[in-house]
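Both of the next two complexes hold chain A, though its partner changes from chain B to chain C.
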Partner chain A sequence: MRRKPFPWHIVVFLAPAVLIYTLFMIYPMLASLKFSLYQTLDDGRQVFVGLGNYIKLLTDPNWKEPFWNAFWNNVVFFIIHMSLQNPIGLFLAVLLASNIRGAWIYRTIIFTPTILSVVLIGFAWKLILSPTWGIWFPLLDRLGLGDNEVAIALLGNESSALITLSLISVWQNIGIPMMLFLAALIRIPNELIEAAQVDGANSWRIFWRIQFPLIIPTVGIVAILTFIGNFNAFDLIYATQGALAGPNFSTDIMGTFFFRTFFGFQLRPGDPNMGATVAGMMLLIILTGVLIYLYGWQRRMEEVQF
Partner chain B sequence: MSKRFTTVLAMAALLAATFLGGAFAKQQVIIESWRTDDLKLWKDVIIPAFNKHYPDIEVIFSPTAPAEYNAVLDSKLQAGTAGDLITCRPFGKSLELYNKGHLAPLNDLPGMEHFSEFAKAAWTTDDGSVTYCVPMASVIHGFLYNKDLFDKYGYEPPKTWEEFMDLLAKMKKDAPALAPLVMGTKDQWEAATMGWHNIAPNYYGGEAGRKAFLAGKEGFHTDGFLQGFEALAQWAPYLPRGYKAVSYSDAQQLFTQGRGFIYPAGSWDIGVFHQMNPKLNMGAFKAPPPAGATKSYISDHPDIALGLNPASKNQEAAKKFLEWLTTEEFADLYGNALPGFFPLHDYNITIKDPVANEFLSWRQTSEGTFRMTYYKLSDQKPDAETDLWTASVNILNGNQTPEEAAKWIECRLSSWYQPHKHFYEELNCNK
Partner chain C sequence: MTGSRYRWLRFFKAGGIHVTLLAYSALVLFPILLVFMNSFKDQMAIFGEPLAPPTPETFSVDGYKTLFEVANFQHYFLNSLIVTTVSLVLIVFLGAMAGWALAEYEFKLNTFMAIYLALGIMVPIRLGTVGILRLMADWHLVNTLTALILVYTAMGLPLSIFILSRFFAQLPPDFKDAARIDGASEYRIFTLVLPLVRPALGTVAAISMIPVWNDLWFPLILAPSEKTKTIVLGAQVFLGQFLNDWQAVLAALSLAMIPAILLYMLFSKQLIRGLTAGAVK
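Then we have the complex of A and B:
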């Protein structure tokens, strides 16, 4: 019997992706992790400090407080996305999948903010909500809220800034879950839905009994994408509130905290080693989330499907 | 055939000319800066004036947005791609660059004798031995006011803090649609820079107070420093509607459009305001001292200087430019082209802009001091300057009382600043 020849073609086809991924993703990630285990002295020498930087980040009050503040703000940011962006995205997808007239127009309009630059989005919303220019003010006056301290400075109050920014982000990114859900919904064979209709099921029942169970894998994917995206988020906060993530760090999330630590701010010099440490914690948080997804959800999904 | 040959030949000649031309090209000097606002001025006025003397040196002014400047510069310096000349921030940041070998010592540069010790202080090592940047200008804090609106309502610029507060109250009653004091807290730095740094020296007593603070005799929670926070807190009712979300550029627009009376300013705003609204009729008054004070103090802050990147390949040309910066011609040009940036040279130059001149005249009647958090107090994390932004904003936004904010910032500072260690115990900071 002849042995099968070694499948060289597989190696050839995998090589570009493996090379590029290693060079631009895996190597920098490992280098950054290594960097977080060192401390730079004033004369530029690097000394190995083991987990010292991580211990400092989690125990020193000057590091611990901003870190946990950023973490919990990020959790709020994520919860708002999960509880608004994804359900509304799903709702819109169901509407669009139900052959309403002009579906492609709605699809395009709802998806447009997603492809716009975040800087543009941030700037546009800053203008809309600006107390000097914004169309927000006349609107408030109509509603009789012109004297409400919080409403007239949505981005300036500690109580409202993070929620406002989360909602802007939801508005911008809602196109992505919508498209993913829509793609999944379209894949559902029409016979199933028609059969249900013949059996007298209403839309509500069809959704919960047929459509939703069949798109559950997509729900998981959207959730994990939202999670990764949210804990890596940086740009919207930076574009609207600046690197200090004001007021009083109430909109500081992991990304902005990392930026300030790594690059420094105004008079404060950057600390690349501590920055790498914060990045290491971000990796750990995201990794934890992804592992929970893979083992807790994906595996169960496979058991259901096969 | 022959036609094609000629074309090829011509192209080859052109190509060769380009390369040869490149080899013999002018020497190039690139300037790193955060003054994006001044790009046009450098291109149209300053560089042409320099080229009259040195036509062979091509100077390129390449600014980065102010907020990103430090970070961008750091990474460029580390990668070895930074320009030949580096615009120096005052105090700690530049000292750090010098210590890391990113700024060359300039003690021997011809022309340095035209700067006083005070002028050079912000860019000299602590022991006074090495100066590493050529001082360009300082900025002065004060208040700009809309003269037309003042005339309309018959107001006079206030002389004391009490008059100032009365005036603000009157404005609020007379013209509810206009903002008495145009400043927002969204971008945070204005509250500290145009607020605290502007008015507090009158309470803590300028340089003497600053030195007592450095030595650990005073803290943010004692005497004049606390009074500075208390004075700032009195501004809150007079800021524009929705001030918590009003950014720096929003405030500039509000004031230049005549939608407010008084603008807590840095002198650098003068030039910007002339551009934004050439018809705006502005006046200025200095930070009003409390009634009965015998002396008044202003914030006269060395802000901008230019240093040499030791890694530059065009050291000679770059030094020529630095030398030119020390001349009277440059001082005159800079001071008048950028009203509000006051050259630090010892020449007797005339500033033509009346508003800028008003600012400059306070040097005669008041004692100058620089922003106290810039020297030493911001060398380590948590740095006093950024904390001062947070504290000032919290006070104006009503999130903290002046006492709470003062205690908070003092605790943060005394956690690492040795001369203040005793305050850490006294204030029970670890609780």
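Then we have the complex of A and C:
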């Protein structure tokens, strides 16, 4: 009996992608995780400390305070995206899916900020909200807030900076949920909606009874993508507030905390081991979200569908 | 009677939708147009009449002059272009090869490979930065465009493979079988099917382009030297240095936005078709 020849072509097709992906994504990720279990001594030697760095991050007063500050700021950042970006994105998608003329023009315009660099968008908004330019002072005057210190410098106050940055991020990224929801809405057969219209259902009823139930899988996808994106965000804060995520760390999120820990700031030198530890915690947070999505949400969806 | 009432209702509804979408479009365009407009005005007019378009009296390109004297934006642009183009070619072509293998051949590790490669869709590559920087330092690739290209290729491949393997799986088998009977090699068959998924290749390129072109993190960490700055990092550094020269800052923002907007106009069809065709599921 002749054995089948070894399928070299499969190896040739897969090898380049698998090699690059393994070398520059998987291996560094594992190396970073391993690195988070070590400490570097003054003479450059690496000593294994187990979960010591993680314990330090969560219990040492020097570490736990900035860590939890960044974590909770990130939670606020995420909640604002979930409660504004995704519902408004869905609302716009419903409007765009209603067969109006020129829908593609609106769609193209509203998606524009999403394709621009966060650095440029962040900086443009920083200028617009700058008290030096004062471009929106007339509006404040009309609202009776002309003397309100917080309203004058939204990015300069601890109480308003994080919310303002979250809103800028919502403004920029709304195109993503909008497109994903639009894609799901377009896939709903027209006959379903027409039949409901013939039966006298209004748009509100059609949305809640037909459209929304059918796009629930997309709601889950949008939520998990928002979660991953938010807990990995960095550029916007760095571009507008700098690595120190001012004022007084009130806009510090996991990404900026990771950057500062790894590279150091002001007088504190960078610490690659602790940087890797922060990255490890971010990985844990993101994986927790992904697992909740896969096992909590998607499995339940399958039960509903079949 | 009821027919005309229905028509009026529809008319008002459509009107309401247009007003809402127009208002939202204005909210989207306002900051971008404001920056563009003011980048062509003198300092006095920028602060005096921020909402007015430039007039012959207030027109000024001093900001752009400063920009070209101080920063090497042409060079940054070229770096971005090289990094993005090479990364995209690798992401699309290597992604198509791997996607084809997963979709076409049955082999022992197929499912494992598919899951292994899909991990990168969910896990952000940034979290491996400590490892990536050490690797690049060991290989003397810090401050080279090669480092960026390799990282972006690794970053883009998972989604590319995932989308393309689904497209390859949908191809009718007759065509491939006919080619096999004619004695075509597997490599030859791949080159024959590749044109059949051309729209999907365009979609993958368009979707992968945005995060590569716009990234700040990896240029900042792996290639911050003057020689290798990308346009986003170049703009970021310039904006930080010229904080108080509003003309220059506005000019830098405008100039850095233009290539992305042009690319968007060129590729918006592929991009939007890709997103709305449910390519990202």
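Here is the rule we go by: the second predicted complex is superposed on the first by the 281 of 306 C-alpha atoms of A that agree within 3 Å, B and C clash if a C-alpha of one lies under 4 Å from a C-alpha of the other, contacts with A are read in each partner's own complex, and residues count from 1 in each chain.
Everything that follows uses one rule, which is that a contact is a pair of C-beta atoms (placed from the backbone, for glycine too) under 8 Å apart; a residue touches a chain by one contact, two chains touch by 3 or more.
Owing to the predicted nature of the structure, the values given are computational and were not obtained by experimental measurement.
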{"item": "Chain B versus chain C as contact partner of A:Phe123, first or second or both or neither", "value": "second"}
{"item": "Which of chain B and chain C A:Leu154 touches, first, second, both or neither", "value": "first"}
{"item": "First (chain B), second (chain C), both or neither touched by A:Leu51", "value": "neither"}
{"item": "Touching partner for A:Asp271 - first (chain B), second (chain C), both, neither", "value": "first"}
{"item": "Which of chain B and chain C A:Ala31 touches, first, second, both or neither", "value": "second"}
{"item": "First (chain B), second (chain C), both or neither touched by A:Pro131", "value": "first"}
{"item": "Partner chain in contact with A:Met301 - chain B first, chain C second, else both or neither", "value": "neither"}
{"item": "Contacts of A:Leu145 with chain B and chain C, given as first, second, both or neither", "value": "neither"}
{"item": "First (chain B), second (chain C), both or neither touched by A:Pro113", "value": "second"}
{"item": "Chain A residues touched by each partner, larger count belonging to chain B or chain C", "value": "C"}
{"item": "Shared chain A contacts, counted only where both chain B and chain C touch the same residue", "value": "133, 263"}
{"item": "Contact footprint of chain B on chain A as seen in their complex", "value": "42, 44, 61-62, 126, 129-133, 137, 152-158, 241-244, 246-249, 263-271"}
{"item": "Contact footprint of chain A on chain B as seen in their complex", "value": "67, 70-71, 74-75, 89, 91-93, 96, 99-100, 184-189, 240-247, 250, 253-254, 259, 373-374, 378, 381-383, 385-386, 389-390, 393-394, 397, 399, 412, 415"}
{"item": "Chain A-facing residues of chain C, complex", "value": "13-14, 17-18, 20-22, 24-25, 27-29, 31-32, 34-35, 46-47, 50-51, 90, 94-95, 97-98, 100-102, 105, 107, 113, 116-117, 119-120, 122-132, 134-135, 150-151, 153-155, 157-158, 161, 185-187, 190, 210, 213-217, 221, 232, 235-236, 239, 246, 249-250, 253, 256-257, 260-261, 263-264, 268, 271-272, 275-278, 280-281"}
{"item": "Chain C-facing residues of chain A, complex", "value": "7, 9-10, 12-14, 16-18, 20-21, 23-32, 35, 92, 95-96, 98, 100, 102, 104, 106-121, 123-125, 127-128, 133, 135, 171, 179-180, 182-184, 186-187, 203, 221, 224, 228, 232, 234-235, 238-239, 255, 258, 262-263, 272, 275-276, 279-280, 282-283, 286-287, 290"}
